[in-house]
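Chain nomenclature is as follows: A, B, C, D, E and F, assigned in order of appearance, with residue numbering initiated at 1 for each chain independently.
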Amino acid sequence: MEAIHSPLPFYVMAVSLIAAGLIRLSKDRPNLREFWTIGAALVKFSLVLVMLRHVLAGQTFSYRLLTVFPGLDIAFRVDPLGIFFAVTASLLWIITSFYSIGYVRALDEHAQTRYFTAFAVALSATMGVAFSANLFTSFIFYEIITLCTFPLVAHKETPEAIRGARLYLTYLLGTSIAFQLPAIFLTYTTAGTLDFTAGGILAGKGSDTLIAIIFVLFMAGIAKAALMPFHSWLPAAMVAPTPVSALLHAVAVVKTGVFMILRVLLDIFGVDLLGDLGLGTALAYAASFTIVVSSVIALRQDNLKARLAYSTISQLSYVILGAALLAPAAVTGGIMHIVLHAFGKITLFFTAGAIYVAAHKTKISELDGIGRSMPFTMTAFTIGALSMIGVPPLGGFLSKWYITLGAVEAGQFPILIVLVVSTILNACYFLPIVYAAFFKPPQVAAPARSNPGHGHEEEPHIYWPWKKFGLQEAPILMVAALTFTALGTILLFFAPSGFLALARMIVGG
Amino acid sequence: MIEIIAGKYNYWIYISLMMIGFYAMIAKGNLIKKIVGLNIFQTAVFLFYISMAVREGSTAPILLSRAHGALTPETATYTNPLPHVLILTAIVVGVSVTAVALALAIKIYRAYGTLDEYRIAKLEQDAE
Amino acid sequence: MSLHFPVLVVLIPLFGALLTFFAGLFRRTWAWHITTYATLLSFVVSLDLLMSVRATGRISYWLGGWAPPWGIEYVVDYFSGYILVVISFISFMIAVFAGPYVKKQIGPERELNFFVLYLLLITGLLGMVITGDIFNVYVFLEIASLSGYALVAVGKKRGAVVASYNYLILGTVGAVFVLLGIGHLYMVTGTLNMADLRERLPDLYHSRVVLTAFVFFVIGFGLKFALFPLHTWLLSAHSLAPSAVSAILAAAVLKVNLYALMRVMFTVFTPAFVYEAVPITEIFFVITPIAILVSSVMALAQTNIKRMLAYSSIGQIGFIVLGIALANETALTGSLLHMLNHALMKGGLFLLAGVIIYQTDRYHITDWKGLGKTMPLTMLVFTIYGLSMVGVPLTAGFVSKWYLAIGALEAGRWYFIPVILVSSLLTAVYFWRIIEWGYFHEPDDPEDAKDRCHVPWAMMIPIMVMAFLLLFFGVAAFIPEGPARQAAAMLLGMQ
Amino acid sequence: MVIDFILLFFVVVCAVASVSMKDLLGSVMILGAYSLLMALLWTRYNSVDVAFTEAAVGAGITTVLLIAALSRTFRHEEDPEKPGQSIFPWLTRIARLIPLGVVMLTGAVLIYGTLDMPNFSDPAAPANLHVAPYYIEKSVPETGSINFVTAILASYRGYDTLGEVTVIFTAGICVLILLRRRFHG
Amino acid sequence: MLEAAAIIVVLAMALVLYRAIKGPMLYDRALAVNVIGTKTVVVLALIGFIYDRPYFLDIALVYALINFIATIAILKYSETGGLG
Amino acid sequence: MAEHVIIKTVSRLMIPFIQLFSLYVIAHGELGPGGGFQGGVILGASFILYAMVFGLEEGRKRISRKASDFFNPTGLFIYAVIGIFCILGGGRYLEYDRLPLIGNEILASQLGIYGIEIGVGITVSAVMTTLFFEMARRDDD
């Protein structure tokens, strides 16, 4: 693979960092501020596309920013896996930006500047993880994500939000310092390097026990992947505003986790080493356990966002499962699931936010008949839910299909049962919502709890046209965003070629 | 055994003096008493140094007379002057420390009305 | 003139002190300026010394022109050059800070003497670092100690005087123990020069006298730098002293005493003796993890910011001592880097606490609600310091811990890694607490802090410079790493 | 020789009395006597300069300063107050023993070290052999001082003496900053 | 001969030392300490003669002086409660 | 002690001799026991005696606060500056042999020693006096 030395990955990372500064500076001019957000998102995405073209042509980018001390570099490298993740995240950032603007303006949130600043920094760090050339760099950006999403989770500053945010921080920072850092450290002392190398760097270095220990430390340390028992932070983080949950806790943060796990599995340990030591199988079962158990928990959640959160935990483990099966098809499926789940889940979160903004409802039991007043939203919800379940012709089907193929290929038949059970459970916790929204009569009970001063009539700076159609939809920016992602979910089923090509490149080496 | 005790009698004395002073410093509750202990503690170490310099059959380290061979005095005639110099410095340090400690004790008495360690600790606790 | 730099680096603050006093008889306001320039000059000179050591090797300066071992010798080598730069830089930073701080918090009538004592403290510290004569260490130790006691006692709360008294008593015990150690060494070797001692001691390593001397050095200096079970004085002294003084005590005084012990361990005695003939490393291996963990837990329990920082110092000293005990070049480099980092971090943190107290007069972190809004810059800088204390990558705190961890692994003692980690986690908790109070709570009265007074730039700039250095040394760690590694190699006798 | 024994005995007696006396003034006075006797002892050991200093400083200045401090504080040692009724009285009792333990331990270390020391007044002790003879031989030709102590103090180790004067100066400033309230100028 | 004299003087010190420690009154102690001082001066002079070093007289002089000052301090404090 | 005529008279007689003696001790350091430090202490003690006998107020009239403050660092300054002169004369710090403008090495050395002894004496006596005055002062002053 041809390597291009170019600071482009660094610029991609830096774009939103600069934007964060500009956002901060223009805190008194909301429109300018929002312009920076959108602009950065667009610039970032186009830069990523430029690189995508090269990567698809078989080239990689690499750039070393600085050397902390010999052996410890901050360096960037763009390879298929990285660009795959970067495309997903940067594309969805554009959409989420529009959605966010609608959301915060509709609710007239406080501390909006802090919100957008932190958002931009989080995206920078996500790109940083995607383009990291070694464990040290990715660890740094991983930590930055944790730190800069804390203000987003604690955004409401209520005691509940602070508590949730503290739990969030404790889990993520705690596990990464307690487990991930030692794992990196041991990798460094064992392998003598931290660079991501296709095929792994640990093969043939160190005893089996040591490698197993490092493996366990990594899996425990990357808590952002929400592998049980390190998942509790994710439901706790649901106190955050919905766009945050949508982009970060369905896409950026959690996918950073699974992305890191993929990186570690593929580029630190290597498929062969994992297969030899049987670590892949062990991880596959851990992931299966998470899939089933969290689905069961999701069944019992009445809060919509909490149910989505548990669903996310379960779906993340699909990615891990796919990678852990070590069969090419399964790995392809796992990687594809990153983007497919992203589109599906972000749609679901967007709808949850829309429902909250339009009707101030958060509980599933309150959603009876809401499909009549919010037809666009709930249709998108249905599409997202079906994609999660894995019904064709929706994106979610593809990844499940590949993973199933992989399981057969790897001869892991118990995993097939897990997939079937999980699909049934998914259906069990999504379909009742769809049913209630469209076919149950609306509740006559108390109209939506309206926050005083947040009525949409007094909102001058946001376009909110639904009234005249007798609908009670969310602002148009939000509806547009969720419609777009729902369409994306469908589109990905029919035209997955770009992503699939990347996934094949990754698996092919 | 006897030889050890008799041959180093001076050192045993300095050790016991040091222990007395040290004990007063850390066990006595009265702040002035601690300073008294501190003085004894320091003097004990001075005694150690001075004892170290002693040489049998020697005299004070001042040239006996200029006629007595001004250029190369018989070294064994004189007591080792170096520890004396060190202790001169140490005595000065000692009195400096004592003065500062006393100034602090005066300030403490002005602030608390007592010089007893436990009473002061109790007053501090009550104030919290 | 540069021939005389070794002695000038000590004389500059001394003359500064005298000049301050004389000038004070006529005009008190000059005190701060003289102090600042004296420490700056001293820093420049020590930087030059470090450069010339790296260029030409060990520098020896014979005071009074008398050849060692008969006269007193000043020695600048990699180790002392490195520490000289650290100490003089920190003292310069704190001197800049002290001007407005002292005026308000200590009062104009004590301002003059404060600066005289401050310069005398620096004289003592630099003298201790650069000297190659073991008795001279004691003399300068006492200059530094005496001025340190008095500086603690000028704290605002009345408890400061008691803290200072206890500091004095235990500090004097430490100093007298050091004197005893010197006496024991002199008794069997007949010399006071360190290099000479190093040559004459190996024949005597079996002697109980030498062993006793070593024990007294460890305990004596240990008392001074608050080695774990001997740390009791530190808590009240560091927490009740004026913040500028706490900063210099934590950043410089502890470091220099630690330096003195290391100098005795490695250049008076030899690594062979320290690591093989005496069980000192085994003792350190037991006490340092306890120190690190216990102090972290205790820091967690504090609500008074300065007390919390004081507890944390004990743990950080534990890290440095751990690196010494691990006995390899990597770990020792880590220790030396941590000396620099801790000086920057703890010095800066105490100064920050000083800024906040200066502005709001609040010592308890629970009262720091909403400081992120009323004092945004201060809180931002505080966050940087907090991250470095935790050891987050890209801050200097990470580098030294990384070296220590690798050193532990090289020494085959992997079980220290969890200790380092757990303490980092606890550190994260107790710093995060403060950051959260500052940023995610509304101030009780938003106008409250703004109204009182304005923090002068002279106080903010040193803090910001040090924060910048923490970040800079976090990404460009090779800059301090070079001299530190040379010093470590020299101490272990590899160079 | 006999005088040395008697004086050493007296010195120890004075130390014990001074430490155990409840009347602080008496304690200070005995401390003065202790210093005088100590100085006498040092004269016996030929260290005239040190004896000179100890007489002036230990017996004189220290005593006066201690009395001055007493005059501004309190003359008698208060009875050690029971620090509250503890739930575990035995614990406080053990805590009281800690200082004694520390002192004993220190003493033990010192005794251990002393066992290998050269005997008292041994002419061949290493302390007297290496550096010291140089001073005795060379100080008159090199510095012109017939008092070897002064020669070392002021010339060979003159820098130590500079430090010593700095210590004294520091102490002066310390007392000024602590005790002086009003300032001129 | 001189040595014997010195020993006797030192032994005599034991008597006053007893008084100094026992008290019971302040003036007993003050007097005793003062006497110790004067005896010290005598012993010093004797030692000077024994060693044949006249410098010892300087020290004796200092002792006498300092003893005087210390005694004044003690008495002044006991009489007025202060030194000023 | 207003009425203690004996003490006052004796002190008045003795103090000049004490001071003279102290100067002798300072100057005599090279020849016999004593030196700057001991002499300084005795000089300081004479001031202390004066203040004790005649009262602090009276003592401060003889040695004003400003004077004792001024002399505190003066001695140290003299000492340190002599060292600097040695540097200027081409030697190391405190290398008296190289004191400029003297020529004869032994003489220079002796003068250097005298100089620093005087410096030590000044600082020690001033500091001792300061210590006493500050400590003996009543709180209500």
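Note that contacts are C-beta pairs under 8 Å (C-beta built on N, C-alpha and C of every residue); 3 or more make two chains touch, one makes a residue touch a chain.
Just so it is clear, the model here is predicted, and its values are computed rather than measured.
If you take subunit C and subunit F together, the chains in touch with both are B, D. Steps from subunit A to subunit B, minimised over paths through touching chains, total 2. Minimum number of contact steps separating subunit A from subunit E: 3. In this assembly, the chain whose C-alpha centre lies farthest from subunit A is E. Here the chain at the heart of the shown protein, by mean C-alpha position, is C.
Across all inter-chain contacts, the pair with the most C-beta pairs is B-D. Separating the CA-averaged centres of subunit C and subunit D is a span of 29 Å. We define each chain's centre as the mean of its Cα atoms; on that basis subunit A and subunit F are separated by 80 Å.
For the pair subunit D and subunit E, the distance between C-alpha centroids works out to 19 Å. Shared interface positions of subunit F, i.e. residues touching 2 or more other chains, are given as 31-34, 37-38, 42, 45, 48, 52, 66, 69, 72-73, 76, 80, 83, 93-94, 96, 124, 131-132, 134-139.
The set of subunit D residues that touch two or more partner chains comprises 46, 48-49, 51-53, 56-57, 60-61, 64-65, 68-72, 110, 114-115, 117, 125, 127-128, 131-132, 135, 146-147, 149, 151, 153, 155, 157-161, 163-164, 166-171, 173-176, 178-179. The chain pairs satisfying the stated touch condition come to A-C, B-C, B-D, B-E, B-F, C-D, C-F, D-E, D-F, E-F.
On the side of subunit E, the complex with subunit B involves touching residues 51, 53, 55. Note for the complex: subunit C touches subunit B at residues 135, 138-139, 142, 146, 149-150, 153, 158-159, 161-162, 164-165, 168-169, 172-173, 175-176, 179-180, 182-183, 186-187, 192. Note for the complex: subunit E touches subunit F at residues 55, 58-59, 61-62, 65-66, 68-69, 72-73, 76, 79-80, 82-84.
Interface of subunit F with subunit B (complex): residues 31-33, 37, 124, 131, 134-135, 139. Within the complex formed with subunit B, the subunit D residues making contact are 5, 8, 11-12, 15-16, 18-19, 24, 27-28, 31, 34-35, 38, 41-42, 45-50, 53-54, 57-58, 61-62, 65-66, 68-70, 72-74, 77-78, 80-81, 83-84, 96, 99-100, 102-104, 106-107, 110-111, 114-115, 117, 119-123, 125, 127-128, 131-133, 135-137, 140-141, 146-149, 151-153, 157, 160-161, 163-164, 167-168, 170-171, 174-175, 178-179.
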